Amino acid sequence: MDAIILQILNGLDKGSAYALIALGLTLIFGTLGVVNFAHGALFMLGAFCAVTLNKIFTISYETIDPVRKDFLGNPLKVETPYIFDWFGPDVGTAMIEWSVPLAILFSIPIMILIGLSMERGLIKYFYKRPHADQILVTFGLAIVLQEIIKYFYGANPIPTPAPPALTGSADFGVLLGFDAGSIIYPYWRLVYFVFAAAIIGGVFAFLRYTTFGMVVRAGMADRETVGLLGINIDKRFTIMFALAACVAGLAGVMYTPINSPNYHMGMDFLVLSFVVVVVGGMGSLEGAVAAGFLLGVLESFASMGEIVSLLPGINQIIIYLVAIIILLTRPRGLMGRKGVMEE
Amino acid sequence: MAKFNPGFSRRGLLKASAVAGVGLAAPTIFSSKSYAYMNEPKGGTVTLGFNVPQSGPYADEGADELRAYELAVEHLNGGGDGGMMNTFSSKALKGNGILGKKVEYVTGDTQTKSDAARASAKSMIEKDGAIMITGGSSSGVAVAVQGLCQEAGVIFMAGLTHSNDTTGKDKKANGFRHFFNSYMSGAALAPVLGKAYGTDRKAYHLTADYNWGYTTEEAVRSSTEAMGWETVGAVKTPLAQTDFSSYITPVLQSDADVLVLNHYGGNMVNSLTNAVQFGLRDRVANGKNFEIVVPLYSRLMAKGAGANVKGIFGSTNWHWSLTDEGSKAFVKSFGTKYGFPPSQAAHTCYVQALLYADAVERAGSFNPCAVVEALEGFEFDGMGNGPTLYRADDHQCFKDVLVVKGKENPTSEFDLLEIVEVTPVAQVTYAPDHPQVAGGSLGKCNPGS
Amino acid sequence: MLGLNSKDKTLFLIVLALTMFAPFLLNPFPEGSELAQFNAGYPDLMQRFVIFGIFAIGFNILFGLTGYLSFGHAAFLGVGSYAGVWMLKLLTMNVVPAIIVSVIFAGLFSAVVGYISLRRSGIYFSILTLAFAQMSFALAYSVLTPITNGETGLQLALNDPRILDFDAADGSLPATNFFGIEMRDGFELALGPWLFTFNFGYYLCAVVMLIAFYISIRIFRSPFGLMLRALKTNQQRMRFTGKNPKPHTLAAFIISGMYAGLAGGLMVAMDPLAGAERMQWTASGEVVLMTILGGAGTLIGPVLGAGVIKYFENIFSKINDNVLYNWFSFLPDGMQDAFVFMIHPFIGKGWHLTLGIMFMLVVIFLPGGVVEGGQRLKRLFRRRGGSDSAGGASSAKVHPAE
Amino acid sequence: MGILEVKGVNKRFGGLKALDEVNLNVEAGAVHAIIGPNGAGKSTFLNCLVGRLEPDTGTVDFDGSSLLNLEPHEINQLGVSRVFQTPEIFGDLDLLENVMIPTLARRDGPIKLDAWSRVDHLVEVRERAEEQLQDVGLFEKRDMTASSLSRGDKRRLELAMCLVQDPKLLLLDEPTAGMSRADTNNTIDLLKKIGERGITKIVIEHDMHVVFSLANKISVMAQGTVIAEGKPEDIKGDPRVQEAYLGGAHL
């Protein structure tokens, strides 16, 4: 039982990442009708916002320590971050340690800027083009973005730990009446889950309760009619693109303490998030979120030793298998609308 | 950046004929049979092929390998401070190239995919006339390229490849490995683990679901079980896995008190990070402190895991903090040129390049079969791992293996591992027909054409 | 001739000439010159050009004609490869049975995948094919290791049975051959400083590609091809016209799957190794990119697209800083460094970046792919020729927007 | 005994009863118009005939065989062709190809996969298609891409695509919807000309001018059922029809 609770937690956590990426993808599908293969790259850029902020905080000057030696036997150069001098070592250390949460603030304007320039500079010319062209151009963009990151940050994963206050893990075992130590869950993963829930809730509330959101939802359902009403839907769609980029970016920022970011993390998530979106059903935001959590939980269960020993290899293919089964039993995924991306 | 003279020889012979034949319109037809051996260098230069990952997750490791190769070429051609050529026990190399021919090189991208690696190696052999291929950062690639070199008739000097199979069931006459392997990791680690954690432990293995993972798990299991550990669980994890939480949590439910992560590269970084996140380091199981073991360590990858590696045992082929003369010479010339210490991948690649050049000098010929003969059973020293033997039976180097531990107080971003023990070679040597490496045969050396 | 109309015949003859003279065309630069780096006329790459050409031609029969975008075609290539290697291991090193069996296995597998996936259309279809291919890849890499040899890839071994061969076991692997002609064999021709390589394996691939290309032309011009184009533009009308679209799409799917299998079979015939990465989604994506890059729905486009991508992968990735320094060695040191510094990110390990930029440029400026680029050039020349004859003075005024 | 006999057809969409015990008998050679207000169930009824929808209950017999549980292409192969409200044509293909496809469909059946013969060698098929294009006055435009045609020409093309199959029954769903008066008249003339071939037709139409120029029998539908049926003259005077359909206004 405790094993199952743990796997549900794991699944929800994985699902959070899937759902956040899929949410943005669906917004872009639904509003702009664009297949965005660069969405994984946006997630990756978000993660590297956190890395960059950390790097900025640790920009240092060098002093020579004549006593200690470096690996070549020369006097050791000691690096001291400038912020230590500016804010004192205590605040400086705290800033570096808290750089991931601080990167949320840092990344929002950057991701919005990236989203706006992507949509205005490139995507808007592809609204009327075939999906194949959209795939080619966004895939090309994704490669370019990740190669740029690779050029500056290298190919290795870069550790970006969570603040020390949030690195431990919580013991739910006693709370729920199990043995102590049987249900342990890292604080940061709980933070991630809560964060994801808040973002998802925020996006839904925004779309439901603001005029802006209502217009966009109407536009998703029937672009022409809304356009006929004299509403400038294009401008709103641009903002939606920036919002989607921002959601992906934030998902990336918060993900960095869970797994050290590297330049191809976006591609790793891209295919899965496409599967999530399609399983959820094209054009359905609720479907994307539901499918994200569903596939996350199923993936976690499939990796349990008992299940793998019963069906070897099931942990490798579970997501795809579930996708096939769902698409064959429900033609438009969980909650898809008719006629979206079906031709 | 070192500069070399222009000109890429395709095949020595053809280059010579091209130079002589300018203005001659008469076509000359060669059949592939007209060479003594594949890509025989006939001009004043010889071309080596450096096939390393330049894209994909191991690109940084590949870049470090390439740095080492460039350094080796510089030293072979008489440039720089000579590096390990000065400490190498064999004195055949004179710093005038190989057999008096200037060393040139071509590079390619393996992408860490067997297909791409083979395509890249083929292009070096067919287009650039490379006489030897070396490099790589995974066993799948090493085995695939080794097979290709055997068929094409050139020598393959493996880069970083740790699976038993490279010199086990997939060994080839034209292929040689300096790097250590899974068996050696297991054999070197077990006693150290026994000393540090006791012989009454329950181990849980997470294993990357591919060839290298299997052989590593097998090696570590059999050597730890031999000293009394019990293996309570072994789960295979998909290669593409990035979040290992769902594989870590079952460990909490098991009665294991040691977790062995048979992962490498990005897998290792992520699984170790996740394991630490779930508090395994602070856990007490069966009245003992819970421990994590990473059988194959790489400093580059350890960097990706950050503080999580502290205090975690693993094994490695070589580390820059070694203080023998060879290591010191290598670290000095690499560090002076590039500004940071070399990785174990760089070390093995540098050594492989030198060993090849030395073998050619001693054999007096580039003919692969002569080189094979010169390398088989070759004993040498001064290359950073103590006295070493290139065993004739399987073309595997036998040398000391390092057991290392993540350092508690690193002084720099390179100073992540500390050497716990240098396991003597006798302890990691195995019979060529040991069950973990049995099967396959070297076959006969193939000089091509 | 061959039952082709004059336009198709011209195209076919051009392709015939291109493939037959490829060893010359791809090696335009003399040996030993700086530009020899750009020569692509060595056997492995020439083989890859035509093999991926076949793969893309087949993919285009599905995607170009019916509009169904499969993201899983690499799986068929992979299955074909594995089947081919097994034939080489079990039966004989003659490549003919291997290639035939590759095509058959890929055809059977694509029949199963196609039958299920074609129950959905649009992106749902794409994701279904992607899911099948990713499952094949994941299983081939891990659980199916006994059949596929997992990560390492399926290779030949000395102790393979090869029941039809009587090779002397001299400790080396026999080479793949076509009734005794070894695939790796060939001859070289030196003309002054130029060197040209003629490889038997390449010519076998080239002949197979010509046949494949010919069949593709016939399919494009057949009633079946017409029906495929019809169902791409309006399936509803097709149904109400008395045609059942299902068998048509399924047939197109299987044919393109068999083309993929043929490509896989040829790959192992040239180089007997089948790696699991061949089935990964990136490999499927690659053939999609080849087709779109060259020009989906055109006859020659996919072949060109395949050529461009493989050229980048194999030639650009091999240019390192050392080569750059040589190129710019005529410049003073400072400028040499500056040039190398500027070009450095785009070559060698940066070849992906160049490829990505090229994808974007092509799709932004040439929506119809490379083929459209060629057509524009042709029109440009024709216009220029026309206005020249009309009078030199006016030609300068010809506006590009005309 | 008519060529098309529909008995007791019901169709529900959730709680909505779209068709309620519809009976219809179409005589061979007749031009049978179905009229009725919006939402009367005309289109649903037509969709039940061509296999786009399956009726919940009831029988649909055409020329002696049931159309129930048949796929659209099977129904077409029995000799039923349909013109849609918005023309359904092969937009990316040229006009000649548009008409050759139905010709081939009739010649080869639903699934013959002929990948080896050449389209431009099918002289008979092409001549037949060209003839048909001539009949509808589109021969000169045969090399144009279909999507570039005007709406009226698209309708003619669609008509040609149906007629070339020599259907036994032709279903016309508002053939003049959205057309100018001149186009409408042209279409009426065209349909009259076809009438000479003796093809049975069912016409759904709003434009009474069209209905009364073409039809020799009219069924009136309202609220999912047929409320009146008869000759045009009878229908014109039927008060129930005027009430249901025309809201009492006099025709």
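All chains are identified by letter, namely A, B, C and D, in their written order; residue positions are counted from 1 within each chain.
Following the convention adopted for this analysis, a residue touches a chain if its C-beta (ideal position, glycine included) is under 8 Å from a C-beta of that chain, and two chains touch if they have at least 3 such contacts.
Please read all numbers here as calculations on a predicted model, not as lab measurements.
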item	value
Joint neighbours of chain C and chain A, given as chain labels	B
Smallest count of steps, each to a touching chain, taking chain C to chain D	1
B-C or A-B, whichever has more C-beta pairs in contact	B-C
Most widely separated chain from chain C, with each centre as the mean of CA atoms	D
Centroid distance [mean C-alpha coordinates] between chain C and chain B, Å	33
Whole-Å gap between the CA centroids of chain A and chain B	35
Cα-centroid distance, chain A relative to chain D, in whole angstrom	52
Chain B-chain D separation of Cα centroids, rounded to whole Å	74
Junction residues of chain C, two or more chains touched	138, 141-143, 352
Multi-chain contact sites of chain D, meaning residues that touch two or more partners	none
Of all residues in chain A, the ones touching two or more other chains	316
All pairs of touching chains, each written as two labels joined by a dash	A-B, A-C, B-C, C-D
Chain C residues touching chain A - in the complex, by the definition given at the top	63, 67, 69, 116, 119-124, 127-128, 130-132, 134-135, 138-139, 141-144, 281, 285, 288-289, 292-293, 296, 345, 350, 352-353, 355-360, 362-364, 367
Contacting residues of chain B [partner chain C, same complex]	1-10, 14-15, 17-19, 21-25, 27-32, 54-55, 59, 62-63, 66, 70, 105-109, 113-116, 118-120, 122-124, 126-127, 138-140, 143-144, 147-148, 150-152, 165, 170, 173, 209-212, 236, 238-240, 440-444, 446
Chain C contact footprint on chain D (complex, rising order)	50, 71-73, 76-77, 81-82, 84, 88-93, 97, 100-102, 104-106, 108-111, 113-120, 122, 161, 165
Complex contact set, residues of chain C against chain B	30-32, 34, 36-37, 39, 42-45, 48, 138, 141-143, 145, 149-153, 155-159, 170-173, 175, 184-193, 195, 197, 271, 273, 275, 277-278, 313-314, 317-318, 320-323, 325-326, 329, 340, 348-349, 351-352
Contact set on chain A toward chain B in their complex	2-3, 6-7, 10-11, 13-14, 17, 68, 70-72, 76, 150, 154-159, 161, 167-169, 181-186, 188-189, 258-260, 262, 264-265, 268, 299-301, 303-305, 308, 315-316
